[in-house]
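Look for chain A in each of the two complexes below; its partner is chain B in the first and chain C in the second.
Entry: the complex of A and B
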């Protein structure tokens, strides 16, 4: 890969993050809603401050957030802050910054996302390949069917169904939260088991909700590859079925599948965020839910920009992985 | 010279008959259409039979399990969930059709201008689409919906928020189709015989693109329903309205499963599965109709 392509990809990454940040900067400023005033209005209702004090506090907050400066200056400062991943202070958890709120929630989300994406991608690709493979035994091929039928069901609804059938009816697994109420988080085996039990349903919701998509795309590719001359040639050479399956089917479908993964990242991550919210896991999704409820705008915008940066970065990384997967790209 | 005898006119079946015949071959499309018609009947008959006011809080007893009086039960806030389902589905359909319609229209216009005229228009539209595509639409919608005053969030603004970012997909699809169609011979012939640009666009290219536009429209309705559902599940919808996502949001924030009110979140979930499943089936069916080459893959 030459230097020019690397620069082009990195430039694209910067452009995407810039576009997202600019949208997030200007949209709230177009609306008449004043986040700080609303926040302090809530305080005034609950806290019993005098209106004069509130006005003073609002003015000092405006100054602290730099809202009294001209728009363009604010914009430059804002872009500078974003390049340092500084999204300002959280309004509802004041002394901590939005970045701290995100950092606290992040490990939960990364753990859930990593496991579910890898499992559903590998499972879906294998099932799809087998479903398109004429020599596979019938029962193995039919394994893919239920997943294809589930494609239309979004992970959030899958989560509700799992909660109802497995959590509520059968009472096999807990109904939500990160760990059982009343348990103190410790580095013990029993706490770890409890933690894992709470992760099973959200993970299953995400896996069941996304395996079908991978099955469908892989199956489509498998059917196309079957008709190719090189597969016929390999068969006539007398290669074993397993060899053809591994080195001719999967190998050739790998690149389009990984491209599909790059394109699906946005959907995958937003689904995970919303499923977390439904199950009340303390990840980014719940942080977003709470921030929306509390009108905590720095945290909302911080999460939005952070996720966009993550997606753009992952896409760029995957682009750099293509040449490793496909010698044809490497040669060019 | 042989006598030319009048042959009895060929019995050409009407378009409707042809459509039904096609449905028999394309089972997925048929199933999708049947579910959609059933849901449509459910809302229309429902709106006539049920009092829509019962879909709003404090119109029925609280937290009652499904019974003869309330076949779908009632929720924590005293909505009759049957009425809520009827009104909610109607609103979901409204958001989907409006947002899908706007998104498709903008996409068709942009796709046409960009592909037909090419040059800097084309490269601008393409670059904007490429930069916006990786940004998760839902998150931008979260920012927009969050910036609105809660009183300004209505079914109508929901549809506009969803439509605002729904044009990139159709633009790219229509652009690609116009690009290939532009090079076809019939367009060249029309150009040589002096047909104006507008004449070529509207009389030569557009009719050939109708199946693609229809497929793009159904796809947009699907994503609009999906997007508005996700926004509502996050609590950014019009909170008073019985939108399906709102009901799930309310049920989850009141801990419906912990408290044993299982019917409350379950009903909108099933309604959503039916809507999205039917739309996905119709979408796949229309893809096949628009692109007969897909048929070979089976």
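Entry: the complex of A and C
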């Protein structure tokens, strides 16, 4: 891979982030809602303020957030701030900054999503590959079927079902939260185990929902690949079944899966919002949910842009990984 | 047909014929006897190979010709024991260098592939793994047969094979998409001869190549065969190419070998009416532009005609041809033909 392509990919990454942040900047401004006015409106309803004072306070807040300036000037300032990952103060959690709110929520989401995405990708890809391989034992091939059936169940329903049966009825695992109430987070085994117990159900809800998709796409690809001439020739060469499976069949069927992984990263965030809500986890999904309810624009901006950056970065990384998997891409 | 010949010979009390047969089988490196393959499709049973028998000596080249669907590739796959369901090998034996491949267990058969009997694929364009280097695909072939072979010995083998097919050693580090069609085909040949097999089956090795490259590939096959003294079965449609490169020609029709003869006999004096029609359909210098096609279509294997499968298209078809299945007979010079017209002539020569 040459230097030019690397630069091209990186420029494309910047372009994606810029486009996303521009859209994010203008869309809320198209609406006539004014977050500051609404907040003070609520205050005014509780009484004790004269309408003139409220207007003055709104004006001073507008000034403080730079909302009194012309749109274009706001936009330039906004771009500058984004490049420093500075999204301003959170309106609902003032005086915390939006970046601080995100930084607190982020580890929970990354921990859960990274693990579940990797687990379901690996599990689904292997099960799908085996399901399409005619020489695999029957019991192993049939393992894929329940996961395919579960694909139809949305994570919301799956989360609620898991909570009801395993958490509420059987009481095997806690009902929600990131860790048990009243425990102070420390770097200890007992805290780690408590943490993990709380993560199992949300992780299962996410994994059950997504393994089937990987199984289906991999099985379809596997059926195509095993009819390829090079798989047949590998058998003519007298290779062992295991080697044909790994080097000729899996290796080639994997290529579209990796593309699929890049595309799936976007939708994974969506299900995280729902699953975190159901299980009461303090991740990005919950933070976004709260921010939307509180009209906390800086945090909404921050999270949306952060997600954009994260997905664009992961896609860029995959673009760099893909040529390592497929030499034909390297040539072009 | 050798079995038939032997039985007939014993009946006639001709000791000479039996002795001649034994001598032939002693030097022959490949004996195929009564090979039968049936595909069990939803529409019924299709007998793709019906009692196919022939022998081939070391260093001999057999050209296998016939229309599409006549069973040429099925025969190659059956010899490799690579018939996939719904197809099934129903009987017969394939004896390579004294070992009956049909009697081997699955793992021994796996090790016999490439080591005793190699297959050079039809679609060389797509027969190489696109995501690994050519070298890796040669090394894994050797390693799966010789797990204890040292690194340098493996490399020697690979380099020797690449040199044999006139490829640069740099190809070892290349990927399939970096090679031309002819180079890919030669890589497949190089892989085929890595373990110096006794028998090489080349299934239409030149089908997707231009005529110049076709010739180069055929010359390559010719040369490597000389080096390792293997028996070669060349499957193809191109009678012209066959005429230049093979020693014997076998004509297949509807899953049966209808005629096996030396290339000279086949082109100057074809016996079977189908072979005669094939030969007369070839362009030649004497009657330019006047080609004679073969009337009718190849029969469906699901509904084969009664008697001789060729009778609907045969100019000599009579009651006998329509009702009785012809047996293979041996004519003067050891050539065989499966046709009622030669039944009596065959008796005289057995």
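As a convention for this text, the second predicted complex is superposed on the first by the 319 of 332 C-alpha atoms of A that agree within 3 Å, B and C clash if a C-alpha of one lies under 4 Å from a C-alpha of the other, contacts with A are read in each partner's own complex, and residues count from 1 in each chain.
FYI, a residue touches a chain if its C-beta (ideal position, glycine included) is under 8 Å from a C-beta of that chain, and two chains touch if they have at least 3 such contacts.
These numbers come from a predicted model, not from an experiment.
*Asks:* Chain A superposed: clash or fit between chain B and chain C?
*Replies:* Here chain B and chain C can both sit on chain A without a clash.
*Asks:* Does chain B (first) or chain C (second) touch A:233, or do both, or does neither?
*Replies:* second
*Asks:* If you stack the two complexes on chain A, which partner ends up touching A:248: first (chain B), second (chain C), both, or neither?
*Replies:* second
*Asks:* When the two structures are laid over each other on chain A, which of chain B and chain C touches more residues of chain A?
*Replies:* Partner touching more chain A residues in the overlay: B.
*Asks:* Please work out whether A:15 is in contact with chain B alone, chain C alone, both, or neither, and reply first, second, both or neither.
*Replies:* A:15: touches chain B, not chain C.
*Asks:* Looking at the overlay, what does A:71 touch: chain B (first), chain C (second), both, or neither?
*Replies:* In the superposed model, A:71 contacts neither chain B nor chain C.
*Asks:* Going by the contact rule set out at the top, does A:59 touch chain B (first), chain C (second), both, or neither?
*Replies:* Neither partner.
*Asks:* Just to be sure I read the superposition right, which of the two partners does A:308 touch: chain B = first, chain C = second, or both, or neither?
*Replies:* A:308 sits against chain B, while chain C stays out of touch.
*Asks:* Could you tell me if A:327 is touching chain B, chain C, both of them or neither one (first, second, both, neither)?
*Replies:* In the superposition, A:327 contacts chain C only.
*Asks:* Touch test for A:114: chain B only (first), chain C only (second), both, or neither?
*Replies:* neither
*Asks:* With the superposition applied, I'd like the minimum CA-CA separation between chain B and chain C in Å.
*Replies:* 15
*Asks:* Can you list the residues of chain A that meet both chain B and chain C?
*Replies:* The overlap between the chain B and chain C interfaces on chain A is empty, containing no residue.
*Asks:* Can you name the residues of chain A that touch chain B in the complex?
*Replies:* Against chain B, chain A makes touches at 12, 15-16, 19-20, 23-24, 27-28, 30-33, 151-154, 156-157, 160-161, 163-164, 167-168, 175-176, 220, 223-224, 265-267, 269-270, 274, 277-278, 288-289, 292-293, 297, 300-301, 303-304, 307-308, 311-312, 315.
*Asks:* Taking the complex as given, what residues does chain A use to touch chain C?
*Replies:* Within the complex, chain A touches chain C at residues 228-230, 232-240, 243, 247-248, 251-252, 255, 325-328, 331.
*Asks:* Can you list the chain C residues touching chain A in their complex?
*Replies:* Interface residues on chain C, with respect to chain A: 80, 82, 110-115, 118-119, 121-123, 125-132, 136, 140-141, 144-145, 175, 177-178, 188, 191.
*Asks:* Please name which positions on chain B make contact with chain A in the complex.
*Replies:* Checking each residue of chain B against chain A gives 130-132, 134-140, 142-144, 146-149, 226, 229-230, 233-236, 248, 252, 257-258, 260, 262, 265-266, 269, 272-273, 276-277, 280-281, 297.
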